[in-house]
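Once you've had a glance at the structure underneath, I'll fire off some questions.
Letters A, B, C and D name the chains as they come in the text, with residue numbers starting at 1 for each one.
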Amino acid sequence: MTLTGEFFAFMSLALVAVIGGVLLLNLTKVVHMVVALVFTFVSIAGIYVLLSAEFLAVVQVMIYSGAITIMMLFGIMLTRHHGDEAEPKGGTLRRLFLLVGVLGFGAAVYFGIYDLDFEAVPNTLHENNTEQIGISLFSHYIIPFELTSVILLAALVGAIVLARRDDEKEGDQE
Amino acid sequence: MEFNYFLSLLVFSPLLGILLLAFMPKTNESGIKMLGVLATLPSLVLALLAYFSYRGGSDLANFSEKFRWIQFGGQGAEQSGMFTVNYELGIDGFGLVMVVLTAVIATLAAIASFHIKKEWKGYYMLFLLLEIGMLGVFTAQNLILFFLFFEITLIPMFFLIGKWGYYEKEKAAYSFLIYNGLGSAVLLIVIMVLFSRTGTSNIDMLRVILNTENAPMFAPISESLKMGLLVALLVAFGVKLPIFPLHSWMLRVHVEAPPSIVMIHSGILLKIGAFGLIRFGMGIFPEQFADLAVLLAVLGVINLLYGAFLAFIQTDFKMVLAYSSISHMGIVLIGLGALNEAGIQGAIFQVVSHGLISALLFFLVGVLYERTHTTTLANLGGMAKGMPLASGFLLAGAMASLGLPGMSGFVSEFMAFLGLFEEMPVLAAVGALGIIMTAVYLLRAVLAITYGKAEREFVGVSDIRSFEWAPVLVLIGLIVLIGVYPAVLSEPLQATLETILMGIGG
Amino acid sequence: MSSVPVSAYLALALILFCIGLYGALTKKNTVIVLISIELMLNAVNINLVTFSKYGANPSITGQVFALFSIAVAAAEVAVGLAILISLYRNRRSVNIDEVNQLKN
Amino acid sequence: MENAWLIPLFPLVSFLFLLLFGKRLKEASAFVGILATLASLVYSILVLLERLESPTHKAEAVWLTIGNLELTAGFEVNQLNALMLVIVSLVSFLVHTYSKGYMHGDERFPVFYAYLGLFTFAMLGLVISPNLLQTYIFWELVGVGSFLLIGFYFYKESAKAAAKKAFIMTRIGDVGLLIGMILLFWQTGSFEYDEIFAAVEEGAISGTMITLTAILIFIGAVGKSGQFPLHTWLPDAMEGPTPVSALIHAATMVAAGVYLVASLFPLFNASETAMLTVAIIGAFTAIFAASIGLVQNDIKRVLAYSTVSQLGYMMLALGSAGYVAGVFHLMTHAFFKALLFLAAGSVIHAVHTQDIEKMGGLWKKLTFTGPLFLIGTLAISGVPLFSGFFSKDEILIAAWAHGNYGLFWLAVIAAFFTAFYMFRLFFMVFTGEARSEMKNVHESPSVMTLPMLVLAVLAVVAGYVNTPWFGAFLGDWLVEGNEALGHGHIAGPGWIMIVATAVSLLGILLAWMMYSKNSISRDWLSSRAPIAYGVVKNKYYIDEIYNQSVVFATKAISLFLRFIELFVVEGLVKLTTATVQALGKTGAKIQNGQVQTYGTIAFVGLAVLMVIYALTGGYL
């Protein structure tokens, strides 16, 4: 392994991503947690750039760091939060149990990947990345693409229905 | 002579009784009892017929019958005859002896059941079902059929204990079911492993396949797997026998079940354990069995002494007899552990002999309880005054049980020890202490009941009467017959013994 | 040639996945649970993109899949938040401990 | 002689017959029993007479087949067996006759005769057994006969305890016999006496094995013959009716141990250690029991200890290679001890007590029993010209000749004790004044006195079949054709006979001075050495020691095992059920309806599986 710029970039991005994740786990205020995760999402976008996926990096920043985070913040704001954000007591046994499980899982997977290395094949992903994606998406993956739109539509309708029906109920009650 | 369907007839003839009983009015007490006893007679007659025709020179192989029954696997398997479960019955010398014993004790226990106080109809129907199961166990020629019959014995027993027993009958019934159910589960695993790996469940074929090098199998059975299977068998049948420390269910059953059922239970059902060990353990895995012989002998001595010492301090006569059964089953194990002709023959003799003796003793317990409504030693005493005959028979039964020469107990005990002394003299000498202890606890208990000062309240009780004579006389007669002329038993066994010993290579 | 090995990307993805998983299963706040799930999806996306570049057969497909995944995740967040809000209206709480309808 | 197997069958038939029809026959059952034993007696005498001329007869048939082993059963008439047949059937016949008077009026009269028949059958079967296995079978059966008869008065707690004790104590010995017998079988391949002897002679068995088996078999004899340390049952066995004591616990069954050692004599003779063991146990028992007999006050117990002591003599004889002496004493002892017991029975019958402190002055009232008792006493004390004198003399000579000088002197002291306590008994019962009020003292009916008379005659004359003066006819005949048994007569120094006579006369003299003339105070010993007196009076506390040690240990083991049963075995059961229940409860608890919990469980399960796969390389 040579000390190249790419390596430094990866290391710093990865560090920021992981710190963001750890902060998510350890911060007490919900808003802070979401903000911590923004760092992670942005670093992941950086990782995408390193992996020659510029288009995806942009999408990542737009959707995650932008849209989803904003939505989450709205969700938090729409739901009232009592002052105490402290974790309720109890469940430590389960946490420990889970921690062991997670670490075991991580170890098991890491055991599988730690010396995984493929023969690097020269590729052209970085050239006209967006164009490549577009061609692929609209030729080969046209049907999944259309289906995705259906899903998004369904989600849209579903979200509205979920919210509205409750409104009606509340209205009935009032 | 042709004996088509002979064994099926023998095994399933109680079914006729069940059908007829189903049409009897519930309240007709004497009718039901008579029918119940009569229904056991066809099996008895057929069993005796088989015995005497065998003694008359007829070949036991003639009795075998076989029909294709269930087919597992695809077309190819059907052609090759693999994974076929046949309905096949047959008997060898050992099986013959056990069938006769079962038929005799079943009839006598049916007579002893006259003491039952309620719901005779259900009782006798279950009783007859139990008899079918027992007869089937001793005649089944393949493991799956054996297992089915084995399970058939469990269910009627559960209800017979749980419904017609004494104070803690439900608890006894449950512990019976749980222990034996677990034993059956282990047995089923063994059977399935054998069946799936060899493609057959026929006992003789299994014997051949497992003891021939490079015999065709679907999956190999390694030596260590064989050992594992044998240990599993030991556990499965050890529950039944019972082997220390798997015995606690049996104590409850002995104490809580009605005496006529204990006659069956102690007389025959426990023997299925010994039968299974000899037939399957020793028959199918002879080499591994030889490796375990020392363990068995040690377990036998433990059983013998453990039962004897605990019987010594019991305060209830039924408990004394229950522990005595454990102790006597130790002698079976000792004989098996000796693994020579004398030992194995002694074990089989003990199986038969203890069947008769414990049936006699429990019948007398029933007679006693019928009159005094107690079996606690401290409450009894001086019964020889009021019921000299019953006391005399009780004493005779105790004498037979402690191995008095001239009675069957001695022959079996003697042969088992004769066998063990050849192989492991020191262990046998330790076990011989059990002979003393047997005398100690049996005399203590029996004398406490029969000798000494008579309790006033029991002075007027009646002695053995009417129907009670039959079981007592038949059992005593058989016990003395085997004791004086053991050839009645040893001759049918010789062929079986040879087969077994050939497998062991000794 | 790349100076960063494949396993480093995969390890990063693994760490993020584990963090997300732990968060999803322990956090009491439903919003955080949802966001932890997003983190897990992101970790998976990293894997997809990594294999798209360094896999045995590199191609654009991995990136396209990541794209799909992001789209679905967005839809999921929308529906999830809708459920969250309706839940909050019914229960006046977003504490996941109190969501135990499965029991009855 | 070919039909000698019929001899035991007569009493067996009597037993079965009385068992079935005894109730109807009532006291007529006596005739069945008497007739049966008479038949056996006549036949036995015929067999004995025939045996005097012709060689040993043996016939056998297969009894039990074990694979290739064939165990046989049959009968054998050799010198010893023929002699025993006559002794047993004679005493049995006399006791049967005597009992008709003694048991008169007992409501279980037929049962008594049935038991007597069973015992006689077993005893006769025992003495014609050609092999050890058969011996063992009958050996146990006589034990049962003895057990039943001791416990004949079953409603008495003491009888119950005595019967139980007798059976269990002898059973302990029997196990020794069984082990010895089986070991011998695997060494020699046979239970047959002659084959065992042949193997011993060929040296087919190692010396240690011979010693071991001989001692184990001797344990059986110790149990049956009431030798120390298994002697305690015999005095207690006096709870049985007195004719039973005469038959079983004096003349026949207790002598079976001696008979067993005698019939296995070549085996014992092959091992010095075994012989010495037999001799030491015998001599020790002789003096040990005699010392207890000195101070007992129950007429039957004195006789019982005397029996133990005399049996010790016989063992000493056998252990000193005095085969003939042992058997000879067995025979004479059978006669005079049976006589003594029957006479004692007659006394008890007359005065209805067994305590000699309450008797006295009966000589005039029991004009017939008194002299007969005296004859027996003289015979057992070894007064010259009576049978006991000759046989005891033989034993002393054998012990001296074998070089057991210490044991010899023990035996001499025991002889002194014997003479003393027997005459103490005699003087206290028959002379002086009655020490308690006794009414209706009357002589027994002739059906009781006649058997005693026969025995008295034999007690006098039986000694003359084997004397140093008129030729050792019995001895020569017994060892004829079998060198292994030693010589018919062992020559010893002449002073032994004088010493033996002197000590017995001294004993009598001392007893006379203490109990008849009262020139020495009766409590001379008890006042001088109260502790020693107490120890002897309480039979050296052997019973108490056994109670404290063996019985206690048995109970302790039992309780310990019950502890195991309750806490380990039942504990395991409870643990299993508790585990299953706990698992079930945990399972139920996990179902709390929270998605996160379900997710955790599912995920951890997956993780565990993955870890397992990772560790096992993907193949389970």
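Here is the rule we use: a contact is a pair of C-beta atoms (placed from the backbone, for glycine too) under 8 Å apart; a residue touches a chain by one contact, two chains touch by 3 or more.
It should be emphasised that the depicted structure is a prediction, and the values quoted were computed from it without experimental measurement.
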Far-end chain from chain D, centres as C-alpha averages: A
By mean Cα position, the chain sitting nearest the middle: B
Chain centre separation in whole Å, for chain B relative to chain A (CA means): 71
Distance between the centres, which are taken as Cα means, of chain D and chain A, whole angstrom: 99
Separation of mean Cα positions, chain C and chain B [Å, integer]: 66
Chain B and chain D: spacing of chain centres that average the CA atoms, whole Å: 38
Residues within chain A bordering two or more other chains: 94, 98, 102, 105, 109
Residues within chain D bordering two or more other chains: 600, 603
Pairs of chains in contact (touch as defined earlier), listed by label: A-C, A-D, B-D, C-D
Residues on chain D engaged by chain B in the complex (per definition of touch): 62-69, 133, 136-138, 140-141, 144, 151, 154-155, 157, 159-160, 163-164, 167-168, 171-172, 174-175, 178-179, 182-183, 185-186, 554-555, 557-559, 561-562, 565, 568-570, 572-573
Complex contact set, residues of chain A against chain D: 94, 97-98, 100-102, 104-105, 107-109, 111-112
Contact footprint of chain D on chain B as seen in their complex: 244-245, 247-248, 306, 309-310, 312-313, 341-342, 345, 382, 384-385, 399, 404-406, 410-411, 414-415, 417-418, 421-422, 425, 428-429, 432-433, 435-437, 439-440, 443-444, 447, 450-454, 486-487, 490-491, 494, 497-498, 501
Residue ranges of chain D touching chain A (in the complex, touch as defined): 597, 600, 603-604, 606-608, 610-611, 613-614
Contact set on chain D toward chain C in their complex: 591-596, 598-600, 603
